[in-house]
Amino acid sequence: SSGRATAAGALERAMDELLHRAVPAMPAYGLREKTPAPAENQCADFVSFYGGLAEAAERAELLGRLARGFGVDHGQVAEQSAAVLQLLQQPREAAVLLQAEDRLRYALVPRYRSLFHHISKLDGGVRFLVQLRADLLEAQALKLMEGPHVREMNGVLKSMFSEWFSSGFLNLERVTWRSPCEMLQKISEAEAVHPVKSWADMRRRVGPYRRCYFFSHCSTPGEPLIILHVALTSEIASSIQTIVVKESPASETEERDRITTAVLYSLSLTQQGLQGVELGAFLIKRVVKELQKEFPHLGTFASLSPIPGFTKWLLGLLKSKAKDHGRNELLTDSECKEISKITGGPVNETLKTFLSSSEWVQSEQLVRALQAPLMRLCAWYLYGEKHRGYALNPVANFHLQNGAVMWRINWMADVSPKGIMGSCGLMVNYRYVLEDTATNRTTYLSSKSIKASEQVLSLVAQFQKNSKL
Amino acid sequence: SSGRATAAGALERAMDELLHRAVPAMPAYGLREKTPAPAENQCADFVSFYGGLAEAAERAELLGRLARGFGVDHGQVAEQSAAVLQLLQQPREAAVLLQAEDRLRYALVPRYRSLFHHISKLDGGVRFLVQLRADLLEAQALKLMEGPHVREMNGVLKSMFSEWFSSGFLNLERVTWRSPCEMLQKISEAEAVHPVKSWADMRRRVGPYRRCYFFSHCSTPGEPLIILHVALTSEIASSIQTIVVKESPASETEERDRITTAVLYSLSLTQQGLQGVELGAFLIKRVVKELQKEFPHLGTFASLSPIPGFTKWLLGLLKSKAKDHGRNELLTDSECKEISKITGGPVNETLKTFLSSSEWVQSEQLVRALQAPLMRLCAWYLYGEKHRGYALNPVANFHLQNGAVMWRINWMADVSPKGIMGSCGLMVNYRYVLEDTATNRTTYLSSKSIKASEQVLSLVAQFQKNSKL
Amino acid sequence: SSGRATAAGALERAMDELLHRAVPAMPAYGLREKTPAPAENQCADFVSFYGGLAEAAERAELLGRLARGFGVDHGQVAEQSAAVLQLLQQPREAAVLLQAEDRLRYALVPRYRSLFHHISKLDGGVRFLVQLRADLLEAQALKLMEGPHVREMNGVLKSMFSEWFSSGFLNLERVTWRSPCEMLQKISEAEAVHPVKSWADMRRRVGPYRRCYFFSHCSTPGEPLIILHVALTSEIASSIQTIVVKESPASETEERDRITTAVLYSLSLTQQGLQGVELGAFLIKRVVKELQKEFPHLGTFASLSPIPGFTKWLLGLLKSKAKDHGRNELLTDSECKEISKITGGPVNETLKTFLSSSEWVQSEQLVRALQAPLMRLCAWYLYGEKHRGYALNPVANFHLQNGAVMWRINWMADVSPKGIMGSCGLMVNYRYVLEDTATNRTTYLSSKSIKASEQVLSLVAQFQKNSKL
Amino acid sequence: SSGRATAAGALERAMDELLHRAVPAMPAYGLREKTPAPAENQCADFVSFYGGLAEAAERAELLGRLARGFGVDHGQVAEQSAAVLQLLQQPREAAVLLQAEDRLRYALVPRYRSLFHHISKLDGGVRFLVQLRADLLEAQALKLMEGPHVREMNGVLKSMFSEWFSSGFLNLERVTWRSPCEMLQKISEAEAVHPVKSWADMRRRVGPYRRCYFFSHCSTPGEPLIILHVALTSEIASSIQTIVVKESPASETEERDRITTAVLYSLSLTQQGLQGVELGAFLIKRVVKELQKEFPHLGTFASLSPIPGFTKWLLGLLKSKAKDHGRNELLTDSECKEISKITGGPVNETLKTFLSSSEWVQSEQLVRALQAPLMRLCAWYLYGEKHRGYALNPVANFHLQNGAVMWRINWMADVSPKGIMGSCGLMVNYRYVLEDTATNRTTYLSSKSIKASEQVLSLVAQFQKNSKL
């Protein structure tokens, strides 16, 4: 293990050496436009060194060193801040003040930003940086790295990506069965929400009454960044199984008259490094426009969305309630009685056991007995549970931020094991009433109040009447 | 005229009203990620208002108001600077300092940057901003607007463009006679250095032994941003007329063995709004790579460049010398004598008259008599005349910054009227010795010393011996 | 000249030698499917030998030798005819008869057909054959070659082309300003009816309110075989100058509501070797369909056609009349008087002189005086002059065969020198009333009767009343 | 059943009515160029009527009626034959004779050819005719239709296809994983020789060290007519399982130096209607050229081919031998003894039983014992068994006609059930020595002698020594 320590020491020294070699020095303000760009191989060195690190922890270590050791020069910031402050106190001509502010602005740029900027110019450089940020986010999630410097670096990358992946540079592409196999394979592998089972399944999802779109960056056409699947139907779908597993349609030709509704049933980001770059909302907007062009009479737009975290939240509740009171306050007495009758055990324990597997759906009686309580609990979870004032459930928060209405909670909407385990088979529609989305969006973001349909509000009311938290 | 004043007043009021409506407010730091983007039509309003201003002066007025009225909030800057300073004086944990710096960074962003950012997301938005900056540069040149705020706005736009037009997002496209007519028309109209005279001329420039490349942004393929014309030859060309006006080649097929040299004979930026965004140097690099791929044995790369400003500089010299001493110290006595013999008048006056038109090239005697003095004067102009330490001549400065060598000054190299009038028919080759360009570039940028060939240095020495400034 | 004769003799010997080498032998009927194809270079030899013949006369000589020396083996035909005849007289089973007929069919195939068939498989082979037939047609026209064998060879080629250039294998392509320059150059050079004067003129013809389509063979996309130019207007145009020389349209955008009429104003075959292969009629049909798809409300289709040969026919008439009677019977007395008054000379001579140049259009008086007689003479020329019962004028015959109606003769419709010289400035519209074309076509082809409008019939009646042939 | 007869009668009447309506009348010779084409819907009627016939027998009935009722007018043929004969007996000028021959040629064209010609001009018409011929061939194979008229019609279609699918009109396309899914699905479904098991299998066949090419007609790009699969190896493969089922290659990048040999391992015609149109030989030629361009040092070309019919032929032999003599003369005494020892039964019966299933490969002993006799029997089957003098085995005949050498018979080369059942696991390489193929081809076609390697000849000699037929 001393050998191991030595090896680690050697790696760390190699990292420091690399960083000193690869990160360009910050030229003096006056020379910033006359300083030649670093040689290409200087930045390429960083890329290949990083690529050679097999372990997530090693990569995290390198990024941490970069973030901490090559950030802002606080001494410079102090000096320039003081200069600005002085000028503001003794007013001088604007030119002097504006230049002082520009010097300050320059001092506030972390030194590693310049490394990223130069990497972005290499072949495949932008892709590398997106992957780097994905690593960084994963390392944060795994607690491999922490701290304000890392958060700052994340912010710098995100803001660079916001410029590069601006909507003006995104191409909307449609996927069909005539698209390259390679592309369909990517689409299939990227499908995170409702996994693709076979090529026949994939073919169905790009066939008649279906649309599959993605955004690619204009510099890498054909490479999906974020993907949206849509079903064209005659009403807002209440079950994912009618969309993704139903047999082939009777005809390859769409009867345009029967298409009145677009159900957005899956949205997958393929590059985790692009989290927070607002691609999803833009993609929905663009696809809505595209569909309106293709089907001028299409009027209804809604998602059919999963409710990730619902079962977990519910199990947590059941556990804490159990500890607190020894009895279940989430269900009414009659509900408790009925469940006991079916299962023959104490409600709380029984429920915890049941919700931990997907077998309960096999029992018609249980399914019937659980519908009312789970529906109202789910409504509360979506509508009432908050994080910093906004909806706790991330999918809900996403659609509400886009201006959608929380429209309808659907029972037995996803009966796949994943659906039953993750959210008791429940799914929810968020509806986009196009003329209201701007208002909804502003209301939600400013006052944090959620616009919901009568069904949802009525379920919430039932929860408030019958359950206690 | 009071009516006119009223109209002007009305326009100014309309401008202020527009700006208050269109420029998004700066959200508080804490809300910056939760604030909905402004409605699309808010920014579109600005675009259409601006587009409706027919006069350059009106556009300049609007931009000036935007720059002055919607820039940085100096109060905020003062407050955040003070906070940062205080933290730096009483060290606290890094998280607090980094956040304070981030607040300061945020306060230093001019409010109009957000307008530009949102415009960039509109269809055609980036193009609009490039044109806006072109207007801004032109207005500065025409003194329609001045001042530090305008310079700051120019800097903001340039830095945004540097991200958007980063080399990773540029596509190299080759133009041939099979390219769309529309594209060839654009190429033809954009040719600023050696104007295209006819479609046959254009066809020649994209035909055998010629290459024409351009960069387009990946979001607008087919739209040239900057264009480079190359002639494939067996030696470094010393005359532009052998390249652009010679009759059609004997054969449509290139004899690859005869191609040893690439002469870059024209580089034109089509969008003035992209000045300073480093497209030219990148384009030369990419084209050199492309040509090396096509012709692995191609070894010599050089420009054949104009010398804009030489005649003007020389006329200026002649005038000032005339005032100072009444006699010409730029020429030797024997040169003066010979010229007097030919023209029969006082050398200084004669020269001023001659250089103001292009007729002198008709006289073989004069052409012979002027060769030696004009060659050495030109060498000095290119090599010895400086601006802030760098070459005064902008074309020279460009190629030297790219790491080229000042290679050869060519007599009677451009005998078109434009060539004779602009630079006494002289042109110059800058040679790119690929293995040296990185070193040359750094040397020039850091020590400002110019690498030149023996021919150039010898002409400079002759100047120093025979002419007095 | 004996040297010359020797040279000619050598060439002829070389031709014979080539033909014996290159033209595949005719395998015996039983072996026809088991005989290997000739080596590729055997046929390629013919192609390169032919390509090396610089003189039309030499090429004609070679084709003549091929036609006469490598046609049908009459002995074989006799033998197989006799066998068939005998079988028909003494009925045997069908299998025997059908095979005998197949042998006879095989005997009737000229030997050179096999050469053509194999050439068609070479790269560029079909193109070569099309050019070969163009040479053959030109040589016939120039009387460089004559006789039944050559006519037979022409028929063989035409029938092969009819299979290869069948409408199923033709692609309709539209030309715009975004099409390759190379293609627009071809289109421009091919324009036989109203020559293109400049690139601006060309741009106009592919710009707004204009359409330019062509057929290419699917094996050579982008290569125009036959080209149709269309103007989109609000009424049937009566003058070509409003179509091809008018300045640019006010706007680049078409007002779709103003487009009610498609005027087909130019149809050019680019490959003379494809004469008689029915491309023109197909192209008009396809373009009409295409336009109906783009403009569902477009209802009127008409050509604006030249009247080649009218002036020549008229001059011929004037000469023969002059010889016969010494006076002009084509004009009425009052017409003669008026013309004499204007020109001051004998009508017949004056007219001959005037019609031989284009100056008469400068005189307003003459233009007025000649309108009535030339209009009715032209109507007669188009309607009354026949060749084997069909319209003598080839353009008229073409449109009538397609089912068009002879619609309107237009005075001062083409005032270009070519238009004045060729047809006294007259042009004619043939109108396609889509629901009637099939009937019109059958009527014209079977009963040879021409469907014409009242204007045309009334002019014909005036001719019959006032002029004598 | 009288109802059924009536229905059949009604269908037959409908057929006759259709044919009289749809098949264009044959215009008189003199009018053949002046007769308008039949209306489009006249031919389209035939297409839709035919398409509506669900039963193969019904389609065969219609085609039979067309072939018998609308063929050649024998009376006309008699008349024109007589005319030609007379002219040939009393020589007149060539023009008269040639025209008489042309009339005769015209009389020999079956009337239905004109129907086919016009159908070919409809959208999808050529495809329809190819399918029609596929039906016709199938109906002949199933004895649903017979007779000389049907054979004649087949010949007419084949000769039309020979013109339309001439190599000048075929595009070579390469299939990769970037090709459209739709295309890969077609390729996969068309693979007749070694069925594709999964998408991973398909991906392997278009991945590194593999090539997949097809011909499409230029009018229907992307639609495979005939497909060739190639493996790029370092030696002539002796087993198909090394090619189609091996796991993924170590790397996605091909090491070009290791590629010396191209093994053509599958050739599939997708349209049975194109049988006999010589696509296969052309495709091999084109692919060889293509590979030589990509890999200039690639020197060895060979097929790895199935031996369809071998087991069946062998079983037939065993049966007839059994009948004749009661003992096996195909094997030597020692071979018989060894097999008896292993199986414990009479050799002949045992063999028949074993060869009827694929289980024998499970026994190592049997595999060893059978190798020598099956190899020599197979060599004889391929080399010695003939049909009209040419190789009986159709795959052998195909490659020998193309000029290949019968190169190597491989034991245990296809151990899939299909391979074992069809040809006892044997496969054969036909090698293309490019400089010899032309000679080989001519030799085979003219003298019917097969060029084979020493291995094959030695096996044949062993057969002649040890087996008796």
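We call the chains A, B, C and D, going by the order they appear; numbering starts again at 1 in every chain.
As a convention for this text, a residue touches a chain if its C-beta (ideal position, glycine included) is under 8 Å from a C-beta of that chain, and two chains touch if they have at least 3 such contacts.
The structure displayed is predicted, hence computed values, not measured ones.
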Query raised in the report: Fewest touch steps from chain B to chain C?
Result: 1
Report task. List the centre-to-centre spacing of chain A and chain D in whole Å, with centres computed as mean CA coordinates. Result -> 56
Query raised in the report: So what's the Cα centroid distance for chain A and chain C, whole Å?
Result: 66
Query raised in the report: How many Å are there between the centre of chain A and the centre of chain B, using C-alpha atoms for each centre?
Result: 43
Query raised in the report: Touching two or more other chains, which residues of chain C qualify?
Result: none
Query raised in the report: Graph of touching chains, which shape: line, ring, star, complete, other?
Result: ring
Query raised in the report: Which of the chains touch, listed as pairs?
Result: A-B, A-D, B-C, C-D
Query raised in the report: Of all residues in chain C, which touch chain D in the complex?
Result: 34-36, 39, 72, 74, 77-78, 81-82, 84-85, 88, 94-95, 97-99, 101-102, 104-105, 108, 117, 120-123, 125-126, 147-149, 151-152, 155, 160, 163-164, 166-169, 171, 217-219, 438, 441-442, 445
Query raised in the report: Mind pulling up the chain A residues that touch chain D in the complex?
Result: 177-182, 184-185, 199, 203
